[in-house]
Structures are given as structure tokens and as C-alpha cells.
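Below is one structure. I have some questions about it.
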């Protein structure tokens, strides 16, 4: 029997209709908008001023704290402004606006397609290169990678897991990356496993991507003949189940170990990195190329053309849609990310971020919520919850703001995967309320911690 | 371009709805309904029609005119209550008693608590028990099945009733069984007197398997009821086979299968977690056997389920699913 | 028969007496010594247990009031000055009178003034909506219209107006407990001094965007033009972050700002007469013209004086 995580989960329709579309580069937009908040942690501090000329890969913002990341210009041109601008949810974020002129890259960046397989031995230098490359977790959380690779003293890493589940419906950019840049991903994985102390590395891929599993297996075999550094990397085929790509769920599936409440994966000896992050690590370490572009799946049944695009960071969403024929008449919702955890876009003038993995368009029939009715206590939400919580109870407690009971019932463990709301036959907006309560409880826990 | 729709994630929903789940239960009940009509004739179908119509109409009237809310009859739960109630009474029951039962089931047991999802007790069982204590003679006049176009009804006791009566007279279980001509294959294929839903165990089980395959219900409650009934009666039967009936007899008679498969598994009135369900089932099974052996009523499933319904909130509190990464 | 009745009565009476005695003894034995003034204070409270004072309920308030020396920072917004005077009387200290307050809605983004630009489809709660995004209009500052304030009000003083999509305060019922202020994620609700006979002026907008984008989002937005600040002769209006605010303690209710506001963002309520905007405008313009003339004259005089000064020196 194939491995998977042990509690809950759902099986939404796969809908990977763009899986056959090779990654193609999107033409440069006339202007890019680089937000300073493209990662979890402190926003970056802009180091350019209006009128400055920048090249591709030039630093435009520096980390604003320990948990923060560099931001590089994704285009060459002139800085137009450094000012607040509305993001995809309409909230103002400090943004660097750059008018595109040509496509001149910084010196030292290797833009060729040559695959480099020589991994340097100096781990400190590698982590520094990852930091300077502005690499963040591209699986969704955008946690700065160099921080994750520097575990707190006393903790020991036992395994690096490459997250290639792509368990959300519709998304195919990781799948295409595995097929088209399999070598780079495996080399990135080898770098990560060397940095963590030559630990074994497992690439977890769901069984609905057999081509990718075969291809990566072949790549590993080929590379391990070149250098022993590529031995110790293996592919693990996992049962298809959402949310397998959740960090804690993937560790459970691969290692059969459960990360405790509020604990980090390193507490069970795991470090999880996404496929796109492994690619970014390869680029940053061996090609000196910071994150200036990423692959974005543009899809939806109502959309005339499915695509996987290589998009420069900061490209306006509207530019991407217009390139592919514009927003269809019957599309009512544009989602940045997948249908289970992605964010609905209210402002199409917003630009992509490093972590933008997909643009999904859904129709009224696909996405409009149905009116909620009484809870019938079927317990489907509790069966679906991958954290073993009781969403029906948390929802009720959240409505009366009972923070103590919410904490006792572990609302803070919620990973906001959406399984509860997805499976509720009465269409009760469980997660809407639970998410809010989780925030309040986490704030209360933090406040208690700082008091002590 | 029309206005963009914005909502928190997730942006898609499974195909399940309250209505689709209830429709699945109705499909699962279909074999039993067909069997009861085949064995008992058209009157059974008419009685069921009266029951369902009363349930649905009453729920509609209460939601629209008393609660002043959109009607909830579309979710089909009232239809299920109606069908289950009709399967729980003898087919000879006068239609007006059927109406009273349905009014109690929906009006008292369901809507006074606030409608679907809010009731503590299973509405169909409350309706049935109300009729049992209010109209005992009509509710316990059982007729042996006569078929769709059969001859006149022959009044006879249910196997459980016959045993209770015989024991009181001092006969042993074996004698009564032999005198009544009860055997297990007729119990499985519906040849004995009883309420409409009790007659064909196979049809009920087929429906339950459908529910399991569609993942509408989980098997734990039902299995634990069966196991507990079998185990408890095995112990007593082992001690004194002349006084106590055997496990197989207890499993196949008196609506145990109907109760375990369709009434105890009602979402609203059963525990949420698997272990809670097991304890719930053990309670029902044990109480059923105790009532059958020592109670004054020959039949105990309905009472057992009602009693266990009342402890469901406690079971929900005590038996929780294991949380991820917590001891 | 008679005997039965007599016996019944006798037994029940005896039982009652015995139980009463037991109850009395138990109550005496387990009596909790408490300051009797707590009960007295509690009796004077409105008894709504709304929590508007910051304590868990009226009882908690009474306990806090009795244990405090000065009643500093202890005020029942619902009972107001009357109740506080009574409480102070019981405790034998002096009450500090506070101006009566009332909740006001500082947003005028009605459906007409502020068109929707997207369609919200989540749980109808302002808090959920605010945590998701900036809202379904182009204004990120105003009322979200899901009625969290209405749900928070325990006095039934708030209701949503289906015409405007904004909450409406029933001044007669509002006790200024502040529950709506806490409930509103956009801080649209504000407790303001009720004002003489209920008359008050306030800026019904919180939009901090620059003028053009504020105006584009909402026809009734404060565009931060500063006309009101210049007009006000009492120094009651400040302009901060592109939005004006009227300090009710300084406002003299002259309604000049209201008349001159180009977008109608300043509201005056409960005034006996409707505002004659043109007359007030003319009055203000006349005054400003005179002021300008006076200033010009003064400047001229100063310039002349300055010009004469060197001459004088030279003369000397």
C-alpha cells in the first residue's frame, strides 16, 4: 500500500487540465511592481530611489530583519516610484515600480541552459548564496530558506524532504518543472541535503504524476553515476490525497512521524522544501541567479488557453491574463494559487510575487457558495480535518469568542487547508470563522509568552 | 466584465449536500420498502404515503408559518422520518394513528428543538414509542405477511412477543420456538409477523451496504450493536438456553437490523467520533438485550436507542478523535 | 376523609418548617462576609451586564467601585452621571461628572455614494471580511456593511439600513457602552459627546487616501482639502492623514465647516433648523474677505512703517 498521512484529508477532483502545457516564457511587461512583502517575516527595506537604473538581478530591497529576504529587480530599467500600492486584496503595501527598458542582466549571473553538477563543499558559503539569492519557500508559505537551513542549536536534521506533491487541484507548475528541469531540481535537492549534513533526501510525488516519478528516478540514476553526492536521494510515490503537500502531513506520510503542536519540522528531524525552492537553490548556488522569475500555472475550465508560464516577479496579473486572451466572460473569480488554499483576487492590477504559483479562473457554478443550512452533525468536517480537530465545535466556539475553549480544542493547530468547509454538506462557512479565531488565539498565546 | 467574486478559501466544494446524503439514505431504504410492499400488500404503501405526507406537510407548515424561515423540506430528512416511521409500525395500523405518530415525530421530536440537526432524539423512534405506549393494542396486533394479493390477514404474535408470552406461561424457549415454527431462514427472508420494516433482513442489509459503499455512514455503530447483542445474549443463552433466546435469534428479530442500520446511525442523534460510536453501539446492544430478557416489553431496540440518544452529548465530549501530533 | 385532609396539611406544614429551619441554619453557617455596600451599589446599576464599563458585569463593577478609593477610571456609561452620583453617595465620595456620549457612524459610504467594485461571498461578518481583504468597495477605510456592530449591541440601538447599507444608531436606546466600537474592525463607530440637546458636528469619513482616489471611491468621502480647517474659527478641526477630525470639546456648533465641505462629509445632527448652506457660505466668505482686507491693510501699514523706519533713522 502506498504511503500517505494518517488523519483526515479529502479527494477533490484532480482537474490538472494544464498538465500537458510546457513552460513557456511570458514576454516582459512594460512595468513591474515589486512588493517589499514577498515573504513571511519583516518586510524588506527598499535600497533604490526613483530615477535609479537597475539591471535584472540587482538588489532593490534588503532584508528588514532576521526572518526576511532580499528582493532583486526582475527586469532592467528605471525605478519609477517607491510608494504604497494596492496588493491583490486591495491592501496597501510598499512597492517598487520599475519601467522596463531592454533586458540587461547583472554580471556574474549565468543565464545559459548548461547544467552544472559540481556542488561546492563549503556549506556556509552555500547558505550565504541562498540568502543573497533571496530564496524563499515557494510552496506557499514563502518562509526565507536560509533561515530554515540554519536550524536552532541542539536540533538535528535526519532527512530532507522535497515536496513535489502538488496536491491542490489544477496546479501543474511543479509537475512541469519536474519534467522539464528535473536535473536542476535533483541537484538543488543534493545541495540541500549536503547543507543539512549529508542526510538522506526523499522526493515525495503523488501517484497521479507517474511521468514525473519515472523521469526523476532516471535523473537520479544518471546523476548518481557522476558524483556520490547524488546518492542518497530517492523518490517516494505517495497516494493521492489532499492536503498531502502540507508540511506536517508530508512528514507524517514520508517518515511516519507527527510534528507536535506549535513545533517546527526540525523537532522530528525533518526539513521540507518545495520543488520550485530546490530549483531556486540550484539557480542561486550554481548559477548565481537570484529569484527573478517563477513558473505560474494559468488555468480554469472557462479559460480558453491553459498555460504554464515563466513569469518575471512583479508582473501585473492583468498583463498575464491579457497575454492569454483576457479574462473570459463567464469567469467570476480569479484565484492566486490553488482552489483549496489560494487567495481570491479583488484587484487585477496587483502584481505577482515570488510565491505566486498559479492563476485560476472559476465560474459562478464552480465557486459560488451555496446558502448555509443547519449543521446535521454528520461529523464529515471532523473526518476530513487532517489535524484531527473538530471544526463544527471550533466554529461554534468561534462565534461566541470563547478563546479559552478554542485553545483547549487546539484551534491553533489548524492549517487552514479548507477540508472542513469543502466537505460540509450543510455549506457552513466553518473555516471563515475558525481562521479568525485561530488568529486571536495565536495572538493570546504570543502575548502570554512575552509576558513571561 | 462583471464584478469579481471574492471569498475566503477554499473556493470549491464537494458534491455532498444535506439533500444528497438524505437521498442516499432513501435509496438505501428502497429495497426494504419494496420488500414490505411485496410481503404486506398495497396497504403498506398507502400507510407509508400517509406517514411521509404528514411529516413533510407538517415540517413545511412549521418552518414557514411558525419559525418564519425558508422551508427545510427540500433536504428530504422529513421524508426519511416518514418512511422509517411507517416501517416501524404494523401494516394494519389505522391511518389516523399513523398521522398522530408522524405529528409527534416531526412536530414534537424534531421541530420543537429547532428543526434538522437540533433534535436530541431520533424523530421516527420518538413517534414509534409514542404510539406504542398510547395505542398498545393497535401497535402490537401483528399479522403474518400475506403477500401482495394474499388472502385475509391472520393475526399472530411476533417471535419476540410469542416468546415473552410463552415464558410467562412457564414454557421453555425451545418449546415456544418449535410450536411457532420459527426458523432463521424465514427470519432472513421475511415470513414472520412484525412491523413492516422488520420483515426482510436481507433487504435492510443490502441497503446498509449501499450506504457504506457511498460512505454516507460509517460501520462502527452498527457493528458494535450487532457484536454486543450477540455477545450478551451468548452469555445468557449459554447459562440457561431454556430461559434465554440464542444470539442469532436476537440478531434477526424485532427490528434490530432496522434499528442498527438506519435508526442508530442517524447523524443528528449519534456521536461524531468513531470511538464514541462504538460506545454508543455497545450501549444500545446491551440495553436491547436486557430489555428483551428482563423488561415487560418484548422488544427493546427503540427504547435502547432513545436512552443512548440522551447520552450522545456526553459521548461527544468524552470520545474525541486523536489530534495530530498530540498525545 | 377530613382526617386525611388535616393530616396532609399538618405534614406538609411541618415539613416546610423543618426545611426552612435547615435552610436558615445552612445559610447562617456558610455566610460569606461581604461589604454590604457592594449590594447597594449593584442595586443602583442598570443591570444590563453589558461590560461597557470594562468590568465583567454590574456585580464586578460594584466590587471594583467599592474597593477603589476615588472612582477614578470607574464609570458606568449606561447609567451615566445619575447612576454615578448615586454610587458616589453610597460610598461617601464625590462623583466626577462626564459628558454624555453617544455612538456615531463615521462613514457615509451609502450604496449610492460608494459603488461596489467586487462581490463578497464569504461569511457575512465584518471581521472575517476585513481579515480577507480591503472590502467590496474601492474605499479601504469605511463601513463593511455586515453588521458586526448590530450584533454586538445588547440594547437594540443599532440596525442596518437596507437602503444605504450602513448602520443606524437609535440615540434614545444607545447607552454609549462602546461594544460597537470594539466590534468594528474598521473603527467606523466612535463614541462622541452627545452635545447640547443632542446637537453635534462630526466628519463622517475615515478615508485616508489622497483626494482624487478617495473621491473616486466614494462621492461623500473626506478628500482632505482642508477647507474646514481654514474655516473653523475655534481651532476645533485637525487634518491628519488626509482626513479631517472635529474635536467635540472645542466645537461651537456654528456649522460653517458643514456648509463649506465640498463633498458633504461633515454631518450636523439634531439641529432645530435645516442648514442654509448659501447663507453660511456667504457669511464665511464675507468674513474671510474682510480678514483678507484687514490682513492686506495691516501688511500695507507694516510695509509703510518699515519704509518709514529708515527714513526716521536717517532723519535722526
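By letter and in written order, the chains are A, B and C; residue numbering begins at 1 in each of them.
In the analysis below, contacts are C-beta pairs under 8 Å (C-beta built on N, C-alpha and C of every residue); 3 or more make two chains touch, one makes a residue touch a chain.
Keep in mind that this is a model prediction, so the values were computed, not measured.
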Central chain of the complex, centres being mean CA coordinates: A
Greatest separation from chain B - chain, by CA centre: C
Between A-B and A-C, the pair with more C-beta contacts: A-B
CA centroid of chain B to CA centroid of chain C, Å: 58
Chain A-chain C separation of Cα centroids, rounded to whole Å: 44
Rounded Å distance, chain A centre to chain B centre (Cα mean): 49
Multi-partner residues of chain B (at least 2 other chains): 4-8
Multi-chain contact sites of chain A, meaning residues that touch two or more partners: 332, 344, 346, 367-369, 429, 432, 435
Multi-chain contact sites of chain C, meaning residues that touch two or more partners: 117-119, 121-123, 128, 132-133, 136
Contact footprint of chain A on chain B as seen in their complex: 1-2, 4-14, 16-18, 20-21, 72, 75, 77, 114-118, 267-268, 272-273, 320-326
Residue ranges of chain C touching chain A (in the complex, touch as defined): 117-119, 121-123, 125, 127-128, 131-136, 140
Touching residues on chain B, where the partner in the complex is chain C: 3-8
Contact footprint of chain C on chain A as seen in their complex: 86, 89-92, 332, 344, 346, 367-369, 429, 432-433, 435-436, 439
Residues of chain A defined as touching chain B within the complex: 7, 10, 12, 169, 248, 252, 258-261, 263, 327, 329, 332-335, 339-346, 348, 360, 362, 364, 366-370, 373-380, 382, 386-390, 392, 410, 413, 416, 418-419, 421-423, 425-427, 429, 431-432, 435
